[in-house]
Structures are given as C-alpha cells and as structure tokens.
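Chains: A, B, C and D, in written order; residue numbering restarts at 1 for each.
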Amino acid sequence: MEKIKTKRERVKFASDNVAGACPEVLDAILKANDGDRAPYGDDEISKNLQDKFSEIFEKKVIIFPTSSGTAANALALSTMTPSFGNIYCHKLSHINVDECGAPEFYTGGAKLVNLNGVNGKITAEELNKSISGKGVVHHTQPSSVSITQLCETGEAYELDEIKKISEIAHNHKLNMHMDGARFANALVSLDCSPAEMTWKSGIDVLSFGATKNGCLAAEAIIFFKPELVGNLPFLMKRAGHLLSKMSFVSAQLDAYITNEVWLRNAKHANAMGKKLSQGLNQHKNIELAYPTDANEIFVKIPKDIIDQLNSEGYTINDDEWDGKAVRLVTAWNTNLSDIETFLNFIK
Amino acid sequence: MEKIKTKRERVKFASDNVAGACPEVLDAILKANDGDRAPYGDDEISKNLQDKFSEIFEKKVIIFPTSSGTAANALALSTMTPSFGNIYCHKLSHINVDECGAPEFYTGGAKLVNLNGVNGKITAEELNKSISGKGVVHHTQPSSVSITQLCETGEAYELDEIKKISEIAHNHKLNMHMDGARFANALVSLDCSPAEMTWKSGIDVLSFGATKNGCLAAEAIIFFKPELVGNLPFLMKRAGHLLSKMSFVSAQLDAYITNEVWLRNAKHANAMGKKLSQGLNQHKNIELAYPTDANEIFVKIPKDIIDQLNSEGYTINDDEWDGKAVRLVTAWNTNLSDIETFLNFIK
Amino acid sequence: MEKIKTKRERVKFASDNVAGACPEVLDAILKANDGDRAPYGDDEISKNLQDKFSEIFEKKVIIFPTSSGTAANALALSTMTPSFGNIYCHKLSHINVDECGAPEFYTGGAKLVNLNGVNGKITAEELNKSISGKGVVHHTQPSSVSITQLCETGEAYELDEIKKISEIAHNHKLNMHMDGARFANALVSLDCSPAEMTWKSGIDVLSFGATKNGCLAAEAIIFFKPELVGNLPFLMKRAGHLLSKMSFVSAQLDAYITNEVWLRNAKHANAMGKKLSQGLNQHKNIELAYPTDANEIFVKIPKDIIDQLNSEGYTINDDEWDGKAVRLVTAWNTNLSDIETFLNFIK
Amino acid sequence: MEKIKTKRERVKFASDNVAGACPEVLDAILKANDGDRAPYGDDEISKNLQDKFSEIFEKKVIIFPTSSGTAANALALSTMTPSFGNIYCHKLSHINVDECGAPEFYTGGAKLVNLNGVNGKITAEELNKSISGKGVVHHTQPSSVSITQLCETGEAYELDEIKKISEIAHNHKLNMHMDGARFANALVSLDCSPAEMTWKSGIDVLSFGATKNGCLAAEAIIFFKPELVGNLPFLMKRAGHLLSKMSFVSAQLDAYITNEVWLRNAKHANAMGKKLSQGLNQHKNIELAYPTDANEIFVKIPKDIIDQLNSEGYTINDDEWDGKAVRLVTAWNTNLSDIETFLNFIK
C-alpha cells in the first residue's frame, strides 16, 4: 500500500483552500507584472473587470475585488446592516461560526440571528417566522439575510429555494446576501447561469469566491443594486482591504472568469467530489451524512478509520467529529489517484 | 524629444507602489505553488518565517504577515491602544491622513493626537509636552506613539532621534510603533542594522513594509515584545486579514529577505532617488523642499512645469501642490533612462 | 363596576417600571440638594456607597452607580468580554432581546450565544455543551455567562442552580454576570442573603437593579472581583454615563438600601404578585404559564378577555401574545384595590 | 475673616455642575411622582415636550431628553457623522478633551479635527481652509462641525460668527452642531432668542444643556432638521440612554423652560459672574485671561494666591494652571456673599 510521505499531501481533502493557484491565474499575475500600474484599483485591469463581470452576470454590476472571503462577506454585510441590525443566517454558516465575529466587527455590532434550517439550508418558512420587532426601539432591527452557496452541508440551494427566501426577505424590506465561497461549484452543480443563481433569484449582493477554485487570494463583492454600495469604498479602505497593487488581485479574477477557467475548475472538482463520495458510500461502515451536490462530502466515518487515515498523514479533524460527520473537500487540482489512494486506506 | 506613449509609463514616479514585483518574489510564488499547503499560515513557509525574521533582527521576534500596510499599521496599533487611548503621531503621518481612519476603526475609536514636528518628523520635546491627562477619567489616555520611517517628508529618522522619542514614550509607559512602509529604504540610507533601527532604539512593534520595495502584496507586523501580541490573532482573523492561502504572502516575504533582495532593491531605489534629486536641484526654478535621504523627492516645481509634465503623460498630483512641494518617488525598478526622460522634459 | 378613567392607571401591571419613586428615595434626593457637591461621584454620598454596599454584601465590593439597567448590563459585560468574545445567555434574556444590541455596542461586537434553557432559566448542562472553540482563531471566544435574576419567565434561580452554572463557567475560565434588574424581588423570594445569591454562588459582577423597585433612575454595577473592573471608569465616561451630578443617583441608592427599604418594597410587590397570580389562577379559562416566584405573573389569557381588559384602559401587549403567555407585573406601589379592580374585570 | 468650614462649600466656583437643582425643577419631579406613568418616554410629560420646545424655538423641533451632556453631544454627532467622518471642532472643545472619546465611541471611530481658533472660538476662515479631501477614498470625510456655546474660554459666539461658520459648513455640505452646555447663559448674554442663536444662524442639531443651570440630570438633543434624526432612537436605546422612567427627566426639562426659570437662573449666574470678574480684575496681581461674557471667569492668578485659596478650602485646579488661566464658574445658586467671601481671601 502506498505510503503518504510528504507533509504536503497530508492536507489533501482537508479543504479546497489547500490547493494552490491554477496555471491560467498564475500566468495572469506574471503578465500583469510587465511594468508600472496605477495603484488602488485605478489600473486598466481593475477597471475592465466592471464590464467583464457585468457581461457574465447579464446586468450592469458594481464589483470590488478583495483578497479574502471573510472580508468580502463582512464588508458586503456592513453595507446592508446597521450596527443595531439583525442578519438572519444558518446557525452553522461560515459568517456565524468561522469568521471570529467579522460581521459584528464590520457592522459595528450587528446581531447574527441563527436559524436551524433543514440540513445546512435555511428555509423561507423559518425565516418568515423569525423576523419580528421591526420599528420597536427595544429590539435590534431586521436588516439582512445571508445564505451560503454551497451551503454548510455541501448542498446547493435550488433556484426556487433562493427565490422563496429572497421573497420573504424583500417582503420585510431586508436585503439578500449570498456568501458564494463555492459559487462556481454550486453553479456547475445546478447547471444554471450566474444571473439565474443571483439577481434573477433575488440576491442583492454577492460574495463571489474565487480563491478556493483556483486563485491565490481573490474574491469580489458584487452589487446587483448600485444603491446598496453606500460607503463601501471608504469602509474597505478603512479596513486595510484596498490593496495598493490591486491590479494583481484583479488580474487573478480576470483570468479566472476568462475562457471558462472557473467553470472548468469547478466541474473537475465536482466530478472528483462525486467519485470520492461514491467510493466512500460503498464502504459498509461509512455513510453519507448529506447529499454530495458538488465538491464537499460529509460522511460518517467510524473513529478507528479516521485514526488510521490520520496516522497515514491525513488531517481529518477530530474536533469536527461530533458523531455526525466529517467533511472532505475536492478541488480543481484533485487527481483521480488522490482519491484512489485515500479509498485504498479505508478498504 | 522622446514622447510618453503608453499609459503604463504615465504613473512613473507617482509612488513606489506603481512598480510590480521583483523577479525573486515572483519566483517564490511560483515555487510555493507546487502542491497543497496547510491554510491560514499553518504551512511550512509561514512557520519558518519566524526564525528567518528573528535572525534578521537578531532577536526572537513574533511576526504576522499581512497583505496591506494599512492593515499592518492599524492591527499593530490596536494591540497597543485601547478604544479610549491616544496615539501620538505626526499630523502628516500616513496613519493620520491616508488610511481613512483605519487606526480608529481597529482600535474602536482611539484618538490620533497630531504633532507638528519639524518637517515630517516628530520630536521628543513636543511629544513630551503633549502627553497629559493620564489617569483622569475625562481624558482619552496616552497609550502609544507612532513614527514613520521614512517619514512623511522622505527623511529618515536618525537612530538617536528614534531613541530619544522612544525614551519619552517609555517614560510615560506608552508603546512605540514604527510604520516601516519604506523600512528598507531608510535602513540603507542610515547604513545600520535592522536591530539598531528598531528594538535597539526602543521600537516595540514594527509594520514591516515590503510591497513598495518589490513584493506584490506583503507586509508584516513584527513584535519585539511578545507580551504586546495580545489578541492579535483573533483581531486579524476578525478583520478578514488571515488569508487562507497565506503561504503565498509568506513566500513573498521569504524571498524578499533572502540573499539581501530587499537591501539590493532599496539601494537601487535610493540611488535613483539621489540621481533624480540632483537633476532637479540643478534646475534654476526648482528647489528641493526637504533633503532627499532615500527614494522620495519633495520639490517645489512651478505650476507651468507641472502642467507640462502632466501633458506629457505623468500624473503629478495637482492637489498635493499647495505652494510647498510635490512628491516624486523612485522604486526598485526605476531605470536611469526613466530619470533622464523626466529631466529632459523640464530642461 | 368601577371604570378606568385616567390614562395613568392604564399602565398598571404593564411593568414595574411604570411606578414612580418611593418616599424614602425622594426624600434622599431632596436632602442631597442642600448645597454644592463635588461632581462626577467625588461627593461624600457617592464615596460612602462603597462601604455601605460592602456591608450589605459582606465583602469589599467596588460599585459604580448608573442611571439605566441597560447601561449597567452592557458596561458590566464589556469588562468581561472582548470584541471577539461570546456571551452565553438565555435566548429570551433582556440583554439579548430588549436592549437593542447594547452589549454588542459596548463590547465592540461580541456575540450573544443563545441558550434554550428550561422555561426562562439556562441550565448548567446546556451551557457546558455550548462552550467550544476556545483558542481556535476562527471562532469567537467563550468569555462570559449572563443570567437574569428574576429570570425571563419570572422565576428565581435557586442558589444551587446559580452555583452549578457558575462552576461550569469558571471551569472554562468564563466570568459570571448576573442581570439583577429584579434583584430584591428574587432575594426576598429565595429568602437568602445578598452574598449568598451572588459571590457565594459564583457571581463575579452584578447589575444591581433599583429603579423598578422604588428609585427614579438608579442602578449599580457591583464587582465582587476588583481585578475585573479593568477600564470601566473610562468606558463609562466615554459612554456618557458618568453623570456630573452623580450624587443624586448615589443618594437614591443610599436611601434604597438603608433601613431595608429595598426589601420592604420587594416583599410588598411579591405579596401583591402572589395575590394577583392566585386570583387569576382561579379563573377557569386562565392558566399560569410559569410559576409565580415573585412579582411577575405569566398567564395564558384568552384573546377576548385581553381585548376586554384593554378596552377598560389596560395596556396588555397583544404583540407579546403568541399563544403562550402575557406578563403582568406588580410593584412596590401596587394596592390590593388595583388587583381587585383588575380581577373584577375578568370575572 | 470668615473661615470655610464645610466640605460642601469647598467646591464653590469649581464649576456650575456643583450646584444642585433649583426649586421649580425639584417640585416638578415630586409632581411627576403622583402615580404610574408609561415608560421610555411614552408618558404625557415627555410627549408634551415636543410642542413646548417647538414653541420656545419658534419651529417644529424634534427633541430627545437625555441625562448627560456627553451623551447628548455624542449621540447628536453620531447622527451627523459616519465612522469615517471628520468632526471639525476647537482643539480645546469639551467633545475633544473632556469626554474621554465619547464622539469617537458613538460614531464608531470618527476623527475630531482640531482647529486652533481665536481664544476658545473657531473661525469660519480656518474652518474653510481645513476642510479637504472630500470624495477621496484615502481620507476621512468632512462631515460635521461642532461649536460650543459658551465656548471653551467662556465667551459667547456672536450671531454673525455662528452664521459665518454655518455658511462654510453648509457650503461644504457638512452639518452644524452646537454643544449648548451653557446655552441659557449664552442666550442671556447675547440677549437674543433661542431661534436666533440656533437654526436662524444655521445650527442643525443642538445639545441643549439644562443640568448646569438648575436641573438634576437633564439635557436634550434638539433637531431643527427632522431628516437628521436618522436612527437616533435605536442608537440611544442601544447606548442605555433611553431611561425607563424617562418622565422624570422630561419633568425637569418641562419645569426648566416654563415661566422663564431657565432664563432667570442664567441671568442670575451671569450677574454673579460679572461681579466676580470685576472684583478679581481690581486686584493688581490678577488679570482676566478672556472677556467674561457670562458665568465663566478665566483669570491669571499668581500661584501663591491659588495656594492660599485652596488652603481655605477651595478646589482651584492646579493642573489647569499652565501659566495661562484658571477657571471660576458661578451658578444659579451663587450668592453675593459667596463672592464677597472669595474676594476677601485674596485682598
């Protein structure tokens, strides 16, 4: 049996953020390095992104490149939520449990109202029942809703699920945010257009993830309603997220959405996810905890198998093991042999 | 006379942040992209930085890579200054006028107490007179001092100037921060060691700039006193500045301080700065506003010459023209021909 | 049948904050007005409070008078919880639902982790299971626990319940806060000493309520551990809660705890509460939702009876009517005739 | 010579906040205590204030009673200034040096831009030159101007001074705030109407001081432009400044502006101020530092006389003695004999 040797391989499947950048993105960085460029996003690459993203989304959008997803989420939410506002989100959502309170920091103290949802998705019904207290001075005020696509259990919200949630949000005059950390993986899974998965389904502001799917450090906040931009440029600068050599972030995004690089990367990651999911599902002691819609696999694996895998060099998180599930993630650079090696260990 | 043709050249001398990355830094990024790596700084490149920087600074330091100088400054200051604290700084300092209130945001509302200084430097005497109100509940509390190296007029604080300021700060139990956006340029100018320019002169925390001098987007917060680190890891994550693929920021820093790349880059930029400064000084209608210690030149140029230069494609900021001076900056990639071309236009 | 005539009586039973100040408290204000006094709590009345409260609590305490309970809670919590901290509390707690996000504002964005509890009380078991993520940079950090005495359903935490919760909190190195908005009512109900209900049961910081039980506007933050005071004086001033004529707040507190005024007031209110509770419980269509431990009565009243009561001038909140319960509150100034009048309406 | 005997008298002239409440205000509190009242400002006394203040200001105003001047200032400024905004004010202004950073706290980190002014007043000219950077993302954004009436050297801004400053502010689209801690003293000094001193001269929002001039703890935020109210009710609640028994604050304000109580109190304080000022001015070694427009006297007193006065029981602040001036303040309750006693000591 093959032995894991290098430290590098140990993090395989730990997340899609362990993968580096795809060749097209690296090339774009090298090309952008051919001379001086105006700083702070005043360069041509950055400026052209507005049109390129507008074309992709079939609508005039306003985009702000950032270098981290947490920044994109928290900045986006801060344009939609006052300091005394409520952000409705799934209790397991990244913004609620994995950003060390970034939305609270950027909004100046907003409250993340936790919804139980079904699996990792919130439902329109629960959302509707949870919104209350509007206009009453004693209560924090309903302000925005955030959903994660892929959701926290690796499933993709269907278009009509997004639409129903957005409808409830808009009925109550709340704004809709989508944390699209795995936007491309969800898009490919649903086989729909970027427009359909966002503004046509009621999304107002999107955190467009690219880092996990082939960039080095590139995300974007995308506004489908220009009136929501508000003071974002100042808030972004003030947070230290307006990079001086912004052209290199923009160059990544440019390459990412050109020639379907992003879709190709996501298709591959999803295909690998399906392979891994199917392979695991055939094991008699292993059970899928949630459907594998894309590149995240949630499985119930007996403790002894986890221990064995980790002894082979993997880093399957014991802490996340709560008797429910562990998460494995495939990426744009996952090879079939990576999967075969892994599956061989648990046979 | 040669004509400026491309948009790219127009930003020459506007700042050293218009230059891209130097070859060694780009190579390091490519090399770091050779497989999966643990995220959030748990990779080997990031971990090894601790020792490498400790060696450079001849002391066990604790460093946190970041991707923007504003983030480095504001995060550093937030470990040294409570929400009700005073940060003493030059009235023209970057933290005071060019970061859209980042220190205020990160500290939760601290006050930047402006010192007039002499040229762009604060003085120990004025600092000493300005510190007051300690322990009185009505007053914001003296907490930290920040100096910029190179200072806001392009001059380098001499070692004994730093020492005197630090002594006053420490006498009052304030912490000393250095905004080292152009750390290498100052170091080369003073011809001293990194240790001498920092902790040996009383600096407690350093924003170590690398972006302007050859990186893409890489800075570091360096603590010379471990007890000052406080809650920085949480504050950094919460601000969206803990990048998932942090290894690529670390790789830049690694390459930057290896084989004296940073010193070589800075020496070149400074030499070019001297050339440009001397060339300008020979013009009968142009006068240096401040001494050129390194790669920033502050000159009084008549309005008609500025207009002419800008008509040739430069972007010399009219707004900064206040009858006092405009700033020109050379970089690691400035060529002699860039300078000659520029000087030719004003002959 | 007697008819409600004046607007004033309409708010009877709406809360105990509709009652004015008791005579002893008013007298103390008049007495304190006999000449000039040092401002900002430097007066003798304020200074003497430290000893008087220390005597009452059988321990050297440090107290800070404030003029609102929300301020007392939020300021207290801000000394125990960093901006990236978790405050564990009941989902119905006042700090979570009735202070418009004050704890978030004062802490700079902490997260209130909602516990379901049993009725209005949190349990040690659920608390223990909820505390996680300590030291992991991605997660907001467990920092403090807050319980409300009387709790949100009008019941008093028993001493051993408080002890168990405190033990869990302290095991995890969290600090224990008690929101004692109805501290005296709970104390009288449990028939124990102030010391027993607080520090002897593990409470570290107390919001000592006095306004509802006979003051005009007087509460106090009481520290049982001096090391937790931290920067409170600065935070309080900075929030506009250090009143210049603080002696008048202190005078209220002084009178309140002198000659058992506070206990007498609470005993009366509780006795009236019991009367009202018993009277309502005899009605065949009315059912107590929770036990009446003190002066808050939670009852299920049919909608038509509520409508009738409101048509008679009461202000029983329809919004709070969720098929579960409405709240009625007696106060230090409730008369038997007030109760008889009310009960007569629903016969 | 009469000897100072009681601690109480020692604080005479230290400030006007050492005086208690005037009889009319105390009476109003007693009257308001005649039964139950709706909480949180829903009572009749509070509601009626809107009309009463509108009448006094000859314009429909929106008022929010508060219990501290610092709260009034900071809350007012937070409606006019974003977190990345500039507040232009005198370097000696109370909001800048005596509120421990309250404006920074309430705005979420705004910058107080210090103007040197002439004596304690800012000038339109300096203000105009200081406003810059609008729309540039690197700079905090000009947002509001705050002047103090009486100003920090005890002088009253003349109407045309206010008008000129307001004109500059409004030309730049900034909002005008007046910190009227000694509003009545200034009004009486200028002998003009409340409308003239505020909105007719361009003031948009006023902190209406009443505590120093005869209330216990009562101030008001007064909006002359309803569109500026914004989210104030939520921000106020969130800060713990929406008192449950708000009627007692409102009752103070009601009594204060009824039957010219406030004007009578201020006239008396100002008259006493003039007496004290004249008496001091006759001493050969004592010199007025600034004109005495109202009830604040700034005088240069030799150190030995100060020491002697303090040995007699006064509390003239040595810390404020910087070779320039000490401040003495008369109040609504200052007696002629108080002045004579004081003057006798320095003969």
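Simple rule for what comes next: a residue touches a chain if its C-beta (ideal position, glycine included) is under 8 Å from a C-beta of that chain, and two chains touch if they have at least 3 such contacts.
For reference, the UniProt names are A, B, C, D = L-threonine aldolase.
Every value quoted in this text rests on a predicted model; they were computed, and no experiment measured them.
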Greatest Cα-centroid separation from subunit C: which chain?
B
Chain pair showing more contacts of the two, A-C and B-C
A-C
If you match contact pairs by residue number, which of A-D, B-D or A-B shares over half of them with C-D?
A-B
So, what's the distance in Å between the C-alpha centres of subunit C and subunit B?
51
Gap in Å, rounded to a whole number, between the CA centres of subunit B and subunit A:
33
Distance-wise, how many Å sit between the C-alpha centres of subunit A and subunit C, to the nearest whole number?
42
For subunit C, write out the residues touching at least two other chains, lowest number first.
83-84, 99-101, 105, 108, 137-138, 234, 237-238, 242
Using the touch definition up top, name the residues of subunit B that touch subunit D in the complex.
83-84, 97-101, 104-105, 107-112, 114, 133, 137-140
Under the definition above, what is the set of subunit C residues touching subunit B in their complex?
40, 82-84, 108, 137-138, 141, 231, 233-238, 242
Mind listing the subunit B positions that touch subunit A in their complex?
6-9, 11-12, 14-15, 17-21, 26, 29-30, 32-39, 44, 66-75, 99-102, 105, 211-212, 216-217, 234, 237-245, 248-249, 315, 333
